[in-house]
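Below is one structure; the comments refer to it alone.
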Amino acid sequence: MLYRTAGQFKTSYAADHALFPVRQDAILLGVVLILAFVVFPLTASEFAFRALLIPVLIYALAALGLNILTGYAGQLSLGTGAFMGVGAYACYKLITLFPEMNIVVAIALSGFFSAGVGALFGLPSLRIKGFYLAIATLAAQFFLVWLFQKWDWLYNYSASGAIHVPNISMFGITVAGPRAAAITQYYFVLAIVCVVTFFAINITRGRIGRMWKAVRDMDIAAELVGINLMRAKLTAFFVSSYIVGVSGALFVFLWRGAAEANLFDIPLSFRVLFIAIIGGLGSILGNYLGAILIVALPVIISAVPAMLGLPLASATVEHLNVMIIGVLIITFLIVEPHGLARFWAVIREKLILWPFPH
Amino acid sequence: MDFLNAIFVQPFADMAAAPDFLLQVVWEGLVGGVLYALIALGFVLIYKSSRIFNFAQGIMVVFAALTLVGLTEKGVPALLALPLTLLVMLVLAVTIERAVLRPLVNQPDIILFMATIGITLFLIGFGEIIFGGENKVMITRELMIPTDSITLDLFGGFVSIEQKDLTSVIGAVLLVAALLLFLNRTKTGRAIRALGDDHQAALSVGISLSTIWVVVWFIAGVIALATGIAWGARAGVSFALEVIAYKALPVLMLGGLESVMGAIIGGLAIGILEKLFEVYWGQPLMGGNTEAWFAYVVALIVLLFRPQGLFGERIIERV
Amino acid sequence: MKKMMKTAALSAALAAGVALALPASAQEDSIYIPNLSYRTGPFAATGTPLMNGQRDYITLLNERDGGLNGVELTYDECETGYNTEKGVECYERTKENAVVTQPWSTGITLQVLPKSNVDEIPILAPGYGFSPMADGKVFQWAFNPPSSYWDGASMILKHISEGDLDNLNGKKIALLHLDHPYGKEPIPLLQALAEQHGFTLLPIPVGLTEMQNQSAQWLQIRRERPDFVLMWGWGAMNAGAVTEAAKTRYPMDQFIGIWWSGHDGDLKLIGEEGKGYRSISWSVPVPDSQLVQDIRQYVVEPGKSLIENESELDSVFYQRGLMISAMLVEAIRAAQEEFDTQAPDAEQVRWGLENLNMDEARLEELGATGMLVPFKTSCADHTGHGGAWMLEWDGEKFVKVSDLITPDREAIEPLEKQEAEAYAAANAPWPVNEECEM
Amino acid sequence: MNERPDHVMLTAPDDGIARGDVLLEAKNISLAFGGVKALTDISLNILKGEIRAIIGPNGAGKTSMLNVVNGFYTPQHGSIVFRGRERRAMKPHHAVGQGIARTFQNVALFKGMSTLDNIMAGRSVMMKRHIGWQMLWHGPALREEIVHRETVEEIIDFLEIQHIRHTPVGKLPYGLQKRVELGRALAMEPSLLLLDEPMAGMNLEEKEDMSRFIIDVNQQRGTTIALIEHDMGVVMDLSDRVAVLDYGKKIADGTPDAVKNDQGVIDAYLGVPH
Amino acid sequence: MMTTSAAVPAQEPDNLILEVNNIEVIYDRVILVLKGVSLSVPKGGITALLGANGAGKTTTLKAISNLLHAERGEVTKGNIVFDGAQVHNLSPNDLVRRGCIQVMEGRHCFGHLSVEDNLLTGAFTRRDGQTAIREDLELVYTYFPRLKERRGSQAGYTSGGEQQMTAIGRALMSRPKMILLDEPSMGLAPQLVEEIFEIVKQLNEERNVSFLLAEQNTNVALRYAKYGYILESGRIVLDGEARALRENEDVKEFYLGIGGEGRRSFRNVKHYKRRKRWLS
């Protein structure tokens, strides 16, 4: 009965098109936002910010970008890491070429570079499908990482080939760079992630989202109801890569503080893909749930033996960790192939009926 | 002009000037290509029979090689370790069939693909716990693989051919021949091909999926072991071997996910071409390491013109 | 009903928030020494003996002496797999009570370096990291004793040119390096020296994914026929390179590696064929030293070591691991004495690292005669530039084949200064300690 | 609510062609897939405002013919004249733009989307607001969404599928899926509607309903309809003219009665009652 | 619609090779396709399952041969007895072993395999040795002489009729007691259809193979079958002796295409029936 939807009637299409037609959903979101904006900042330690909260948000954003491409438009991509790299390097160049540029502007602009590169590598999707396309996106992955290494202009000819985030202030507060406080960075990331998520929800439920989903569910039929496949796929690559690029910029500027080309290599792509799939393809919420599971879980698992006082070597813990993640992925795929988001949907449906069984 | 010269003229002049070196480059590429082809073959077999894009093929190479070496390190004689390793690969195949494939039957491709990444992670962790992560020496001598090298004096220079490379090439050829014989001449082989052609029909005539899957994953395991021995003899056995699996993926694009011949020819072609490109164009012009992406870009370009790959059949879409 | 739901949700949220404030592993009566180790992944082969050495040295102190001046040393490994991302996570996880951080990868060092001024935890990166960290005025919290990569490059050149770099005029020197911050580190110095002394530098990068398949790189070497090949290799790359060198018939006596490319395990892979390969090193294994005997007695025999067989005790990397811990412990000891405290904090340990004096007498007291180059750090000099020896593979083990070689500081120092200043400028505001005297 | 609401019908776009004139003409169409002939030299026309049926045994090439008409396949020979314009090849989405909509033999709905979204997808061509407005949702994008939603709701009312508005279509029974698919085609406001086996898998009552929908669409909106159907009763009752295909060739064309009594048709398709 | 089953003498259970009792099939856990279908096939009989596209014929056959599982469908109610044993939990492989094999709609030959290899795959479940299999291969060739001529060609390049023959021959190779034959006439010229059905009849008479055939071509099917069931929207709406069905007015009207008298034209339906059919 906690989740009763009965009695909530919609009297206009506008109301039916509201973000949360069900009141309880809105309340729940409110609670989550209070948690994110008030409770966590009050309670979290610096370690929690840096190892849990900030990465969860950034990874969720990257997964959201990928999800638009894979979950909504049905184009499997294994090149997410490289597109994050494009965003990060673009932001780095913008900041170092125009030191006066506001960091928000720089991050927003860097997304466009990644979007452009993404759309370029999305071109093959017009002819190639399925796994062939997935492998084609690996071409982007390997080529771009190679480029990040070889094109020394990108990292301002630094000897190590790494880029470093300088101290950047906004309104007198240091938001990026070594001097930035974790809590500031957390709020900064949270704000951007919230805004992008809001936009993403709107895009995915409107005309463009329908177009993508149609292409995903049956591209031939989509073409035959008048959807321009090329437009639909390329916008998906564009929007997806934009978000991924922004997440890449945040990844380096608001979290890592420095980066080398290898950071954007294939494990990063897979990590984001895991998040999107475990969270649930074609769901916005899923990205957050997936990120919590994939990013936070290893951190917690590695802390468990120490808490229990088990004398396990750190390497063994790490091996076990890898094994557990592997098993978890398989288990989740078996139990709920549609991801955590579907899990939540089932729970929500149960809650609507609760306490009655049917 | 200099630029064009460096691209279109100089490399060929270099090739002509040092034919022994060119031969050496081609040979190196060929040896690499044979291994790519083997890995691609493992992918193809599994894909054909179960529509699973088996990402774990790379880690299976490592796991097989590690098991072999690990067993010898624990004091098992090499000639006993080899069948034992095969047994381990069989157990692995059965386990994967029971624990992963069977519960996930009929799921979308991407789910199965993710599951094989899950298997990859599991095997990485498991392998490291059991065998440790350090670089190990392939038991080349114990397996009676010759390790000397043959130097051929040619064109006023020399071509150096490692006997173990030669052995792995010959071994690979024999393995492929045996495999083709198995696929074409035996009941199980016929069933595997049938399954690749038409899943439903194969089920309908009573071909047992679980049996075939175990067989196919086991064969993939055998191929992995062969690859592991060959590659391990070149560069030692460690988890870094896993990355060669990435090299097999463009081979698959080029050859088609379902074509055995495609995997072999694609593998050889990519092995040789990437080496030539790296040595004559990549290193002088682009700062090297082009092998990281060359195969992908070639495959991508080919696919743009032939979306079904070099050996795939034309796809006719129906509604 | 709605209210109840809200309360429930809020309290759940609070609980989650509390959980986020993870308990730190604080212990009052001990000194917490975290180590960002890597015993997994493609670099595990080289990491493991180093970590074993570091760990066993600390265990020895705790077992034999009951700690350091009565305080237990808590050695804690956090596994990074040589992965920069994991490394940073480990850094964040362990920094709370740490008196030092040992990033164990040039990539992680570069990540942690900008934070050092803020977090105020000294970075100890012996023989790795950013070479200009030697400049203690700029990098107040970073230490890379006893020699930096640039020192290493300089010493190798000095050795192969028989003392006079101008002998290299007209020669071609290849730098086979891991395409990673670590491998790229010596390039600026080598380039500067190449210009100065008229030799050609040919950097040959090996990608992380190509470590075991270097045939393209060695084909290039065969074509270019460099007079010397220097190697900045790590993990599986070393074994691959030495194997390929043997195959390409590149003369082993023209092939020299940095100290991280001198791992017994790598060379054992090719045995006899690797004979003549040299690796510069600031540590030398001394199998029967007092220290190693103590380790055997107090750590290995009671089964407190993680080593897999005793022969590992005599390997270059294991003993180097011992020496690294020895440097750290000596710094802590110095801090204890200076500040008259049992458990010095990070700031005090930093002082200890700045005033490290590992002379031969001290080494002898530690039972480690000849195991480490003697060196001395100061406020301005965070490296010590102790120099190194040349080791050569005799087919079974590495043996010392040279006297102590010292780097050509005059050539290096200006470049160090310049790079350090550039770094500070790029990371402004970056505090510079002008009080240091040279 | 026994009477169908009158305001439902979105009228077919005025294409300047009078009722009874040729709307579409296929001339000498031949189509082959890698040597296998699917269609051989087929000519047929569709008149404005009629219900035109194409029948024939399975594999006779009926669906291929529809695919040629709406641009999904490009024939090797022959051309299509639609609304007076001749063409060999066109992209399917252009065909939609010109007013050709269709349904599919094996329901080609977007399975992961709700009924509402499926039908809304049919209006993709008519929705123009760009991504900037989409992101914000409020303002023009929302207004556009609501305008089209109203039209779609009319179709939903007409087809009586209100109750499954928010159900993912993958979960609907076959008969309802067919109806949703018809709704999606209607949302495109076509002047020519191609229906590929609209009655497949339906029982008599459902067929009667579907027939009524087809007739209403045809009569009230003036939409020209071409349909493929196996149920001879339906075909004979509904259609104005019937073309019979067999082995990719046209073997008969004419009024239902003429076709029914054509000996060639009886031999090839209807079968000889023994 | 009326049911004529009462008019037929009850079939003796031990004479039945197949008995399907009130099965319900659900796809993807939500789509109810069969809503309680019961039918039976006597030993040595040819029984036809008739109905329009999408009525559930194929689903019924797949439920029996257990190929449903591969399409995310499952039997949620009822049971299936083949040759005296409950079989609805067995794998297709087990069923073939027990002698029940399906020939799928649209032939489904293995396109890249030769005709002979196609036939040999049918013997996958057999354990009685090469000679026996070779003998059966020759037997199949005597029934389908055309296949012998084409034995070496890739099945994908043979004609529709040859593929249908290959598919049936392949099923024969498993030495079945019963063949579930799905739409054998699909896409075939009338003459070929007759040819195929003649062979079915021969096999039935000479080899004592029972058949359950799903057909849209009611006309042909009812000429060869002894008994028939008519399926509509997942329910059996009519069943009876083939002869009786052929005389039935409704069947004539809806399935044989020969106009019954007094039938209401679809054009004359004046309003929609407002019933919640989706709940059924």
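Observations
Order of writing sets the chain letters: A, B, C, D and E. Residues in each chain are counted from 1.
Following the convention adopted for this analysis, a residue touches a chain if its C-beta (ideal position, glycine included) is under 8 Å from a C-beta of that chain, and two chains touch if they have at least 3 such contacts.
Worth saying up front: this structure is predicted, and the values here are computed from it rather than measured.
Shared contact partners of chain A and chain E, listed by label: B, D. Just to note, of A-C and A-D, the chains joined by more C-beta pairs in contact are A-C.
Seen from the Cα centre of chain E, the chain whose own Cα centre is farthest off is C. In this assembly, the C-alpha centroid of chain C lies 73 Å from the C-alpha centroid of chain D. With centres set at the average Cα position, the gap from chain A to chain B is 33 Å.
A straight line joining the Cα centres of chain B and chain C is 36 Å long. In chain C, the residues that touch at least two other chains are 39-40, 44, 179, 205, 207-208. Each of the following residues of chain B touches two or more other chains: 128, 133, 246, 287, 289, 292, 319. Interface of chain C with chain B (complex): residues 39-42, 44-45, 48, 179, 204-217, 219-220, 222-223, 235-236, 239-240, 243, 247-249, 265-266, 268-269, 308. Within the complex formed with chain D, the residues of chain E that make contact are 28, 30-33, 52-55, 160, 183, 186-187, 189-190, 216-217, 219-220, 223, 232-233, 253-254, 256-258, 263, 265-267, 269-278.
Taken in their complex, chain A has these residues touching chain B: 70, 76, 124, 127-132, 134-136, 138-139, 142-143, 145-146, 149-150, 220-221, 224, 266, 270, 273-274, 277, 281, 315-316, 319-330, 333-334, 337.
Interface of chain D with chain E (complex): residues 1-4, 57-59, 160, 163-164, 170-176, 197, 199-209, 211-213, 215, 230-234, 237-238, 247, 267-268, 270-274. On chain A, the positions that touch chain C within their shared complex are 1-2, 24, 27-28, 31, 34-35, 39-40, 42-48, 50-53, 146, 149, 159-162, 164-167, 177-179, 256-258, 260, 262-263, 265, 267-268, 299, 302-303, 306-307, 313-315, 317-319, 322.
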